[in-house]
Each structure stands twice: as C-alpha cells, then as structure tokens.
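Please go over the structures that come below.
In the two assemblies presented below, chain A is common to both, partnered first by chain B and then by chain C.
For the complex of A and B:
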C-alpha cells in the first residue's frame, strides 16, 4: 500500500506540478490582478481597488455590447451548427456502406482542423466587398453586392457564417458517433410499426443523441466565449463595435491599452460566464437520464 | 437498407446533396488555392474563379523568404516539443490515475477535465507575468512552456480512460515476474497504449500548430520567434504591394501539413475527437 502511494505520487507529480505552476497559479494571479489598477504603461500606478474594475466593467457600454454580441454569436452559431451537423451526420449514416464515404467524411471535418487564423483569412478573401468572389457571384447573378464584413449590419452575421463553417464538423462527428451506436433492431422495429422518418428522428434518434449533443453544446459555448482568432484577423471587433466580443475586449484592454488590472477583470468574467453555462447545461445531462455520470 | 426505398429521383437528389455539402466545405480552400497562383496586382483588379495566368511566383517568394521559413520551423519545433512533453508527462499521470486507486482520484480527474475547457484568456495576465519573470518573453521557449497548459489536460484525460480499459492481469503478471512498476509501465503498458498515444499526440500537434492567442501575446515583438499564425496574420508582403496573393500562398503552405496528417490518420483523429467529448 505504501509502495503504491509512493509510485502514484511519483507518476502524478510532474503533471500536477506543471499544472499548479502554469495553470492554477496564473489563474490566482489573474484573479489578484483583476482587483488592482495595474497598468503596464504606468508602472507607478498600482494598488488594490477591490471590485472597482468589475463594477466599471458592468457599467461600460462597450463591454455590454461585447457580452451581447458574444451571446448572439454563441446562440446563433450553435443553433445553425446543430441543424447542419444533424443533417450531415444522417447523410453520412445513410452512405456509410458506400465505398469512399470515409474520404468524404474526412474532407468534411477539414475545416475544424484548420488554423482559425487561416479560416478567417480564407473567408476574408471570399467576402472582400469589391474584390471577393462572393460579390462577384452576386453580380453575375444580377444581384446587388453585399457588404459582408464591412458593414455594421452584416459583420456579425458574416462572422457567424465563418464560425459555423469551421465548427459544424465538431457537432457532426459527435452526432455521427451517437447515431452509429443506435442498435439496428430499433430501426427495424420502428419500420415494422410503420413509423415515418420524422417519428424515427423524434422517438429514436433524438433521445439517443441527447447527452452527446449537450456535451457538444457545452464545448461549443465555451469555444464561442473564447473566440478570438477569427475576429482578430477579419474585423478586430469592428466596424464600430459590431463584432466586439468579450475575449477581444479583454485582450485589447490588457495588451493594447496595457490596462492589465481592468482587462484581467474582464477575462475573469469570461471564465465565470463559461462556468455558469457549463453548470446549467450539465444539470440537463444528469437530470433525466440519471445514469450518465 | 433505406436506400432501396429511394427511387432514381431520390437517389439523384441525395447525391446532389452530398455534392453540395462537399462543395460548401471545400470551396474556401479551392478559392485560396486559386488566388495563390495569381499575382498581387492581378488579385487587386478583379475577382476570378481561376487564375488568368497561373504562376508560382508567390510560392517562390515564400520559399526564398528566410523569415517565413523561420516561422514554419518555429511552429514545427514548438508543436513537436509540446507533443513530446504532453505525451511523456501525460502518460505518467494517466497511469497513476487509470491504474492506481486512491482517494481524491476523481477530484484530480475532474480538475483535469475542467482544464481542458478553460478559456485561455482568463489566465493570460498572470501567465504574462510568469513568462516575464522567467525571462522567456519573446522567445519560442515561452510557447513550449505554455502550450502544454491546453494539450496536457486533454492528453491526461484521454489516456486515463485508455489505461483504465486495459485488463488488470497484464500488469499483475509483470509485477509477479519481478518487474518494477516503472518497467511494467514502460515495457508493457506504454506499448499497449501506442494507438492512443498516436491519437492524442496528433491532436496535441494540431492544436499547438494552430494556436494564436499565446503566440500573439508572447512572440509578436520578436520576428525571429514568431509562429506561422502570427506571421500570416501580420503579413507584410514584399515591396509596396498589398500582400493578398502572397498571403493566400502562405495559407496554403500552413494548411498542407495539417491536411496531410488528417488524411493519413483520419480514423485515429476522428476517434480522438469523439473520445474527448463522449467519454466526458
């Protein structure tokens, strides 16, 4: 027993030490910084100010816009992704016996493997107002060109489109794994009872996918809260504040304006929001099934 | 089984849908590929589906550009070191968590799981101070030091469930034969988990290769230690030209390594991606 404990400590130590030093400690330090007025460009300006950064943040218009945009981005992206992902996952189930279908599946997951900076750039070529192929196609079809990322009415929608393109494959993979695990007998029984396709989806597939999808949604909500790369290379939060999101806001405060204390408070709020959503959604996972740990 | 129910029209419609899905996915790649064979001045005149006069000049410029090649090397180096560190340290920890029962094990596991979903921005200001204090700001070492923050928890999580799945007899037999725990781990369990090591290693490599926030924060100031995503996002171009076409070629070059990995290891990668979420 004693030997067991020594071995366990020995094997566990490197990872624990690393994560304590590089993950937990910086988190605590960031929490501390969020209660100070530390600013890198004014080294003399220090000092504990309690929760002032936080109260300044929640009354700041730009930060509120950032929160609103982040929520719109997350909700819209995830809803569209769910629809596309379910549709495509069923498509892949249907063609799973066809030779070559695994290649099509691999092609479809490529976007989620792509460097997000690159996917932002790819789409900025397509969506460039005067020189992009999207408006070129619209003009050929006799339609008026669309401003895409360049106008405050359409910029957030365009970012959502890029986000959906890149991340639908993730939910698709989870749903595909879920659908493939449904026993064939269930489908056969449904066919015998004369169930139509909508009934099969509603009564067999939906319940089976429920937990996988909820876990996928948790991942995607957090991904959207920390979305940075795509926005940084396409709009940097603009035009105006049309695509300002919380991570962009926190980053700009910390490393653009050197407002480390204030920026840290924004970053801590992102973590808190992510935790709240995770806890709430996690409840749903356990809630009905009870047996999924 | 369901396909027999579809008539000819159904089947045509079905394959049109498959084609539409494939097109939606790859069109952006193809368009960037097409731009990369045009010159900057051509790109700035009008949009075209295909290059009017395909040329390799952008690729030639990039391969002759020592700075860009340096960033490719930096990316590969940082990602490789990150993978090596995550796999070694991660498999040690996964062994302890997966094969040894002890109090507090679940707590450690759930903390690790929480860390896989951490928004990196939340620790960035604290991390910045550490990187500064260690005097590695502006160097690739800063990235090698910090990337395991997001690769290690994932590695530990996936490998732990793999170790748990191995039958207990294997280990007992080795211990009875007088092998030390370390020998058992290294000679017997690690080879058995090789498939999982490949999967997690690949995913760690790809996420390190793609990472932007830390790279931007820690290496923007130093041209020689930037990784590819930072370099591409801040692409300067050659001479006075707006670097659209060069940059398109650069995006193609960065994508190729990931593309090759995904195509070769498609099954493993898909398994790893689903395991990370489904087993949670």
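For the complex of A and C:
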C-alpha cells in the first residue's frame, strides 16, 4: 500500500507542484491584494484595508452595471446557445446516415475555431453602421438600418449575438455526442408506443443529455464570466457603460488606473460568482450519477 | 407490402430532403461572416468602402495578402507556432501523468482535488497577470517563450488532466495489472500500454490546446515587451491600429491566422469530439 501511494504521488507530483506555484499561489496572492489599497503608480501606498475594496465595489454604480451586464450576457447567451445547439444537434442526428453530413458538421464548428480577437474585428466590420454588410442587407430587405454596436440600446444585444454565433457549436458538439450515445432501441420502443416527437425529446433525449448539458453549461458560465477579448476589440465596454462587464472593469482598474488592489477585488467577486454557479450545477450532476460512483 | 415499403422509403427520403435543406440553410447563415471575411480580403484597396457594399469583388486580387505578409507577420506566426507546440508537449506529458494518477488510484480527497483544479480555472485571466508577472519577473523570464508557455499551462493543464482522465478511465486496468504481474513496473506499464491506448485522447487534447494557445490574447500582451516576441493574436490587434481602417489587409491577415487552426481541426475533429465527451461524461 505504501509503495502504491509513493507511485501515485510520483504521477501526480509534476502537475500538483506546477499548479501550486502557478495557479494556487497567484490565486492566494490576488486574494491578498484584494484586501490592500495597493496601486502600482503609488509604490509606497500599501496597507491592509480589510473588505473596504469590496464594499466600495458593491456601492459603485459602474461596477453594479458591470455585474448586471455580465449576468445578462451569460444567461441570455447560454439560453440562446442551448436552444440553437439542441436544434442543430437534433437535425444532425436525424440526417446522420446521410453521406456528407460530417462535412456539414465541420462547417458548423468553424466559428469556435476563430480567434476571438479576429471574430471581434470581423464582426465590428460587419456591423459597422454605414460600411457594414449587415445594414446593407437590412436595407435591401426594406428594413431600417440597425445601430448594432454603436448604440447603448443595442450594443449588449450585438455582443450576445457575436458570442452566440461563436460558441453555439461547443454546446452543439456536446449535445450531438450525447444524442448519438442513446441506444437505438429506446427510439424504436418509443415509436412502438406511438410517442410523438415532443415526448421523445422530453422522456428519452432530455434525461440522456442532462449531465452533458450541465457540464457544458458550467464551461460556458465560466467562459462568459471571463469574457474579455471580444468586448475589448469591439466596444471596450461602451458605448457609455452598455457593454461594461466585470472583467473589463477589473482590467481597466488594474491596467488603466493601476489600482491592483481594487481590481483584484473585482476579479475575486467573479471567481465567487463562478464558483457558486458551478457548485450548484455540479450538485445536479452528482445527484444523477450518485449510484454509479 | 412492397408498395408500402416503397411508400415509406419515399416519405423518409422527402423527410430527409427537408431536413438537409434546413441544415444547409443554417450552414449558410453560420458561414456568412466567413464568406464576407474572405470576400473583403480579395477586394482591391478602394472596394471595401464602396457604398452600397458589394458582396463579391468585381476585380478579385491577392494584393491584400501580399501587403499583409510583411516580415513581422511571419515572425508573429512563428512565435505562435513555437509557443503552441511547446505548451502542447508540456501540457500533455504532465497532464497524462496526472490523469493516470487521478484515474487509476482512489484516495480520500481525490474529488476535492479535481474540483480545486477546475476552480483555479475560473479566475479571470486579467487578474492572474499581476501575480504571474511577479513570478516571471523574479525568474527573469519576461519577454521569453518560457514565460508564455508557463502562463499558458495554467490554462491548458487543468483541462488536459480532465480530458485525459476521461480517456484513461475507459482503458481497462486489467492490461496493466497483467503486465505488472509479468514483472513490469507501474511506470513501464503506463508508458507501454496506457499511453498508446490513450492516443485518441492525446490527439483530442492536443487540438484543444492548439486552439486555446492560438487564441490567447491577454497573457501574450502582458508578458511580451518587444515586437519580435509578439504572438499572432496580439499582432492582429496591432493591425487594427496599424492598418487604420484598411479592412482588406485586416481581413487577409484574419484569413491567414484562421486557416492553420481550421486545417488542424478538420483533420483531428473526430478525436476532439470524443475527447470533449469522454472528459465530460466520466467526471
């Protein structure tokens, strides 16, 4: 047994040591920073201030907007992505025996492979109010041009659209794999019983997809809470504070104003938010598989 | 009976036809931005500004590619390749060992440790920069490939462990046990049996790492100080300023940045899909 433990530690050691130094230590250091008034442009201003940064954040209007926007962005994006992903995955299952469907699938996954900086640049050009192709198409269809990223009423919706375009494929892939693992007999049995499509979705596919989807949602929540590149390239949080999100806020505090203490506190709050969501969702997963493990 | 069967087959074909048409329509919608990117990239210099915009250039040209391919672009590209490959090698070797440790041995705190690894992932990259900068600076690594590789490992290693663990748990342990009865050590059994069998998982993880490192922006921006060390994504955001609104060049370089990862993905996608779900369902 003792020898076994030594062997096990040997396997785990490189990863654990690395993560201790490069992931856990930075995390603890950020927690520490978040309780100080440290500012890089004022090297002698240090000092522990407890939870002051946090209480200042919570009373700050811009930060509240950032929290709101982050939640709206995450919830709306993930809901829309789930619907689109399920619809497309379901279609793929229906035509899975048609030759060439795997090529179509590859095409669907392309947006996910695009570097976010590039997709941000591409979309800001497409959505540009006067030069953009999007408004040109709208005009051709006899519609009024849409302000997209340029107006504070529509900017967040536009960012959500870009986000959905880029990341629906991720959930689609997960759901597709989940759907493909459903034994054929289950469908046949349902057909025998005269179940309609909605009943099949509700009673066969949903339960099968449950865990995969929950894990997909966890990944997407984390990604959305950390979303930065697309917003940095397209709007930088504007116009006004229309697309201000927590990461953008933390970034600006840290690298614009060098308020690393205050900025770290903002980031720690994202971490806490992401943790809560993950732990809650994770409970649902375990409830399902508890007897297996 | 025969007519029934034919009737049913016809109905199925019609049904399939509608579904395929629907799917193709969706493909076109998803592809439109890509087509636009490509179309602008082959437009002569004045056309991106024509009002109304033209869907397809009248006089397609490769000029934009030529002017986007100035020497720095090649350098950025090379930097990205080097950093991606090094990250891949390290992440997969360390990740495989850990995945085996987590997958084959049961011990108290295993689940807590696995969750801790994922939780560390949730920290916004922007916040990791300051502590990591401090570490890199004290190691004298700022503006080196090593700094980028070490920073990228914080992003790739946890997920590599998760994905590879899913694959390793699918490999029956009997093989190794038999080998060890025959006098192999655990490490030999791991190297000779588990690693070759985990190859699809390794491929899946490699694709994923390539995508992440190719896309990464903030670490690359923070840990490189000179132009010749920049990666392609930072270089791209530079183009925005450098080319002003010369969309032709911008889109030409976008195409060139995207092609390698798309090609890689195209060839390895079936592993990727398997990897994603093995990691996700064997939690």
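Some notes on this structure:
Rule of thumb we're sticking to: the second predicted complex is superposed on the first by the 276 of 293 C-alpha atoms of A that agree within 3 Å, B and C clash if a C-alpha of one lies under 4 Å from a C-alpha of the other, contacts with A are read in each partner's own complex, and residues count from 1 in each chain.
To be clear about the criterion, contacts are C-beta pairs under 8 Å (C-beta built on N, C-alpha and C of every residue); 3 or more make two chains touch, one makes a residue touch a chain.
Note that this is a predicted model, so its numbers are computed, not measured.
With both complexes brought onto chain A, simultaneous placement of chain B and chain C is prevented by a clash. Shared-chain residue A:143: touches no atom of chain B or chain C. Of the two partner chains placed by superposition, A:199 touches none, neither chain B nor chain C. When the two structures are aligned on the shared chain, A:55 is found in touch with neither chain B nor chain C. Within the superposed three-chain model, A:19 lies in touch with chain B and with chain C [touch as defined at top].
Contact with both chain B and chain C is seen for A:108 once the two complexes are overlaid on the shared chain. With the contact threshold set out at the top, residues 4-5, 7-9, 11-12, 14-16, 18-19, 21-23, 25-27, 29-30, 33, 88, 91, 94-95, 104-111, 113-119, 121-123, 125-126, 131-133, 136, 165, 173-174, 177, 212, 215-216, 222, 225-226, 228-229, 232-233, 247, 250-251, 254-255, 260, 263-264, 267-268, 270-271, 274, 278 of chain A are in contact with chain B in one structure and with chain C in the other. Within the complex, the chain B residues that touch chain A are 1-3, 14, 17-18, 21-22, 24-26, 28-29, 31-32, 35, 43-44, 46-49, 89-90, 92-93, 95-97, 100, 102, 108, 112, 115, 117-130, 145-146, 148-149, 152-153, 156, 181, 185, 206, 209-210, 212-213, 216-217, 228-229, 232-233, 244, 247-248, 251, 254-255, 258-259, 261-263, 266-267, 269-270, 273-274, 277-278, 280. Looking at the complex, you find that chain A touches chain C at residues 4-5, 7-12, 14-16, 18-19, 21-27, 29-30, 33, 88, 91-92, 94-95, 98, 101, 104-119, 121-123, 125-126, 130-133, 136, 139, 165, 173-174, 176-178, 181, 211-212, 215-216, 222, 225-226, 228-229, 232-233, 246-247, 250-251, 254-255, 260, 263-264, 267-268, 270-271, 274-275, 278, 282, 285, 289. Residue ranges on chain A touching chain B, taken from their complex, read 4-5, 7-9, 11-12, 14-16, 18-19, 21-23, 25-30, 32-34, 88, 91, 94-95, 102, 104-111, 113-119, 121-123, 125-126, 128, 131-133, 135-136, 165, 170, 173-174, 177, 187, 212, 215-216, 218-219, 222, 225-226, 228-229, 232-233, 247, 250-251, 254-255, 260, 263-264, 267-268, 270-271, 274, 278. Of all the residues in chain C, the ones that touch chain A in their complex are 16, 19-20, 22-24, 26-27, 30-31, 33-34, 36-37, 40, 48-49, 51-53, 55, 94-95, 97-98, 100-102, 104-105, 107, 115-132, 134-135, 150-151, 153-154, 157-158, 161, 186-187, 190, 211, 214-215, 217-218, 232-233, 236-237, 240, 247, 250-251, 254, 257-258, 261-262, 265-266, 269, 272-274, 276-277, 280-281, 283.
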